[in-house]
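The two complexes that follow have chain A in common; it is paired with chain B in the first and with chain C in the second.
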Partner chain A sequence: MTATAVRVDSAPAAAVKRRRRSLGWLAVVPLLAFTALAFGLPALAMLDGAFTAKDPATGATSYTTGNLTASLQGAYLTALLGSVKLSAVSAALGVLLGLPLAQAVVTSRFRALREAVLTASGVLANFGGVPLAFAFVATLGNAGVLTRHLGLADQGWDLYSFWGLVIVYLYFLIPLMVLTITPALEGLRTQWREAAQNNGATPVQYWRHVALPVLLPSLLGGLVLLFGSAFAAYATAAAMVGSSIPLVTLQIADAISGNVLVGQENVALALSLDMVLVAGLVMAVYLPLQRRSARWLA
Partner chain B sequence: MARLTLWRWGVLGLAGLYFLVPLAASVVFTVDVPGQGVTFDAYTQIFSTDGFTSSLLLSLELAAATIAVVLLLMVPAMVALRLGAPRLRPVVEVVCSLPLVVPPIAFVAGIGTVLKWGPEHLSRTPLFQTFVAIQNPDFPFVLVLAYVVMALPFVYRALDAGLRAVDVRTLVEAARSCGAGWPQALVQAVLPNLRGALLNASFLTLALVLGEFTVAQLLGFQPFAVWIVNVSGSQAQLSVAVSVLSLLVTWVLLLALAGAGGRTRTASRG
Partner chain C sequence: MTVTAPDTTATTAATVEFRGLRREFGPTVALDGLDLTVRPGELLALLGPSGCGKTTALRMLAGFEHPDSGEVLIDGEDVTRVPAHRRDAGMVFQSYSLFPHLDALDNVAFGLRMRKVRTSERRARAAELLELVGLADKGGRFPHQLSGGQQQRVALARALALRPRVLLLDEPLSALDAKVRLSLREEIRRLQQDLGITTLFVTHDQEEALSMADRVAVMHAGRLEQCAPPAELYGRPATAFVAEFVGTMSRIPGRLADGGVEVLGQRLPVDGPVPAGPDVDVLVRPEAVGVRTDGDGSARVVATSFLGAAVRVTVRLADGTEVKADLPAHEAGGLGAGTAVTVSLPERPVLVAARTP
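Presenting the complex of A and B:
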């Protein structure tokens, strides 16, 4: 008796579920089709081009790993290493400077200040680019306001150098760090601090043994994310330094537009592939770390 | 406690110095021209400078088209994931995160390669006309395609945060049992509850498109950000003035949104 009742009830329910599922597929398919076209096609073209060589005499194409080898040699290797070095230094500084700022903002009692800082962080971290470069040229460039009024040029200051770029990059990396670490800092419970205090721990001991271990995955995740962001940055560097500093993004741009040598397009694609591999590595490290930090913050 | 407050204000003060000095110095740079004294020419010239209106309009048109396409693609998909296709959820999540793995410069290298297929292989096929059409310099639709892809991670996060706060299933079932059809339930019951998330996603996309430089420059189009760089060679003051204005306007827009919806933060979280 009960069994038949259940079956009678579940039949229409199953039908509804099936219809829902097909509707669900119907709504998701356009998105997947679009990304396959607008993202998958260029990605595949890049992959294909990175392994293709075109004979200039006959026009015949053949598959080769020559482009990848070329992209890891000479000027291209210098650019790749330059990018890695710049990104690593600025990411490390961004983490070290962003953490205290985020802590100061999180523990602040002024709601308006927090909202303003976090929104500004969102703007600067994601949408700085060209305006950012020009703000720094106007401030610390050769004819910049601070350079002129403080006579920095006489002391050997040059914005268009490695450390100049680090200072500019920090302008969007610190906000990115603040955005990344804020949820983790908000997840630090007051009870943990109180419990540590009740057991006689000093603030230093609390940070050393309680807060930092909980924050560690988020901090490492932030470091990796900052590295990736600095590594991929192009607009800021292009608007600021042209190609006076060897960076992989600038090299790709030069090779695509044929500024240096004609016929380097496939090497540009190989360099792009190198970048994707680095970015993929970054994500492969970042996502597990983020999941791990989420465990404490639930 | 007093020591702690002091420490906090010290950090905030230093950060304020670092973040505000370049902005303030930029303003000084634009009004205090060496040899001319204080002048506001850089600001009064903006509107009369060649290319300002057309490039800004182009950027706004691109932004409108991008927002429309990305919302039309993402909203039904995200709602459907909550309703009937939970198994597709990881797929959509991965698809929307993939653009993060491909830096814009690598992405545009790929797009450039695909666009070159047009003249090389497809010149005798009807597809060739499509290739020409999407590269029309008056309205390069290929940029919309690229921007939609680049906006996917932002929009996914914004919509996901919004949907998390709403019980979509109950809403739809309530609307359906009141006799509403599927489209009606979606438009009149679900969308109003997602207003904050939709606004948020739109503004993030707007900010992204207005500031985008890499793809547009390397494909040879001239929207707003590219114009700023092109004009900087001859008119340094002007380009800085426009840069500062655009940063401030974006910030104020997003701040207003945070005040209205209070969701900006959750969406921006990495």
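Presenting the complex of A and C:
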């Protein structure tokens, strides 16, 4: 009986398969719908708002490039560049410091320590915002415990500066890097190190000619992720430095809330658009680099 | 494949010596005083079950492991404390050892690059080596674009690139499928003989060891059991372990008497060491066992399996012992399961071992 059933079914089997494949996309519809609602609509609204001007007297709206021009001038431009600089510096440092830490974790003989560091990284990578700012103010701020105890103020230490902010950002960027790069480090095979040694490579030569080139795609990916994370950060900086360090996210908040001038909402949207463009630019640089460094993976 | 590179190895083949090597990993003893000499230009196979210490011994020669005591000598020179990157031994790993981000040519040229050999020179040399392993046209391929067999050939070329005095092969064929394994096995052997390079080959596959090696060293529990040419190892195993590990052996209960041994109603002289008696097991190869149809015989055929030229017949003796016999196909015709037979041994000295329960 089973045999007959199979024979009967086998003729239209191809058609069934085709139908099944043609219906397969239905499964992603909820995801696409969610993305369109939660990501597409705001993006469109932002795009629209960035090019809209509103007459405060009549309430009439018209399209203009004035917001965008304004967002690339004066204090706004300074803030945008400040954000890019802060993100680039802290992402680069995050990669440089996170890599050796992750390597130490991966090669550690103590399983418990390894697990503990990775779990802590998972928590700390998401530990930003006001609590983080407060923690740093309390320890390294002007009246912070460590500042007093070690007399840091006399040595010119100031938490509310560019480098102060870099250090605070590193607090969550380094763990993020550890989480990102650990799987890649675990993927480095012992045989590669031994084969390199066997071919006369010193440990330094092994890292220079084998490990780093193999890791390069992952390192670039980590760099982009860290840059994005730092670039979009707001609450930490807002709670800590207010407006004393020019950052684009702080400017957007000020413009929306009318902190300095009223009626700047559309400039805020233009600034957001600038951020999207910067992110796009980063990806435009990253993707060809990534493809080149991962040529051997294709 | 052309072999026209007599300059691929160092001018003279090297002697390798292990002296009293001992190594413990926690509670397990990997090497328990290994003494072994590899003669210049020979291919010596280290054979044994997993965990017998054969890989540890090889890795000590490569410099990846260090002995707790004992020494490793190459041409009489103690290299025990020499770091791995300064040892003069090219190694082929089990698998996946090619650098994934370099193409085949750059993989082979890697060692030369570490030695700061000029680009044109090292590329020429790498191309020459790829030709030697029959992959002249695959230089631009990345490892993932090569088959397992091709990857191991590239690894072999890479191991030879620095003209090492010793070639180390760590189960290089174990990850390959049967057909590729056979062809690569012959190729490695031919290359090794053409180059005349002293070679250590670790394997757990006895067929591989017996077919390729000049001499086979059988290891067991961190010790050397026997080191001999394949024919001697098979024909005159020095210990019961070797006898049973290499090839198939049946144990038939016997009884020591008057300097000989009584087995299957025959009295045969004993070969090799005689264990404490009087009850012993006689060790016999299947091809030495005779089986004859005999209506009065107390033994019964249990199973037969066709092996091509021969048929392996499993016979149960009256006391329950099972004996394996290989018979020419035409003789085994009437031996179905349940046939009554008589089992006999040739009038030759036999190997005996202490009775196992």
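We adopt the following convention: the second predicted complex is superposed on the first by the 241 of 298 C-alpha atoms of A that agree within 3 Å, B and C clash if a C-alpha of one lies under 4 Å from a C-alpha of the other, contacts with A are read in each partner's own complex, and residues count from 1 in each chain.
One rule holds for everything that comes next: a contact is a pair of C-beta atoms (placed from the backbone, for glycine too) under 8 Å apart; a residue touches a chain by one contact, two chains touch by 3 or more.
Note that this is a predicted model, so its numbers are computed, not measured.
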{"item": "When both partners are placed on the shared chain, which of chain B and chain C touches more of chain A", "value": "B"}
{"item": "Chain B versus chain C as contact partner of A:Ala235, first or second or both or neither", "value": "first"}
{"item": "Which of chain B and chain C A:Gln205 touches, first, second, both or neither", "value": "second"}
{"item": "Partner chain in contact with A:Gly74 - chain B first, chain C second, else both or neither", "value": "neither"}
{"item": "Partner chain in contact with A:Pro183 - chain B first, chain C second, else both or neither", "value": "first"}
{"item": "Touched partner set for A:Gly156, first chain B, second chain C, both or neither", "value": "neither"}
{"item": "First, second, both or neither for A:Glu194, with chain B first and chain C second", "value": "second"}
{"item": "Partner chain(s) touched by A:Pro100 [first = chain B, second = chain C, both, neither]", "value": "first"}
{"item": "Which superposed partner A:Pro213 touches (first chain B, second chain C, both, neither)", "value": "second"}
{"item": "Intersection of the chain A residues that touch chain B with those that touch chain C", "value": "none"}
{"item": "Complex contacts: residues of chain C adjacent to chain A", "value": "62-64, 83-87, 89-91, 93-103, 110-111, 113-115, 142-144, 155, 158-159, 161-162"}
{"item": "Chain A - residues contacting chain B, complex", "value": "17, 20-28, 30-32, 34-35, 37-39, 41-46, 48-49, 100-101, 103-105, 107-108, 113, 115-116, 118-140, 143-146, 148, 170-171, 174, 176, 179-180, 182-183, 221-222, 225, 228, 231-232, 234-235, 238-239, 249, 252-253, 256-257, 265, 268-269, 272-273, 275-276, 279-280, 283, 290"}
{"item": "Of all residues in chain A, those that touch chain C in their complex", "value": "189, 191-192, 194-202, 205, 209-210, 213-214, 295-297"}
{"item": "Interface residues, chain B side, partner chain A - complex", "value": "7-8, 11-12, 15, 18-19, 21-23, 25-26, 28-30, 32, 34, 73-74, 76-77, 79-81, 83-85, 88, 91-92, 95, 97-114, 117, 145-146, 148-149, 152, 154, 182, 204, 207-208, 210-214, 217-218, 225, 228-229, 232, 236, 239-240, 243-244, 246-247, 250-251, 254-255, 258-259, 264-265, 268-270"}
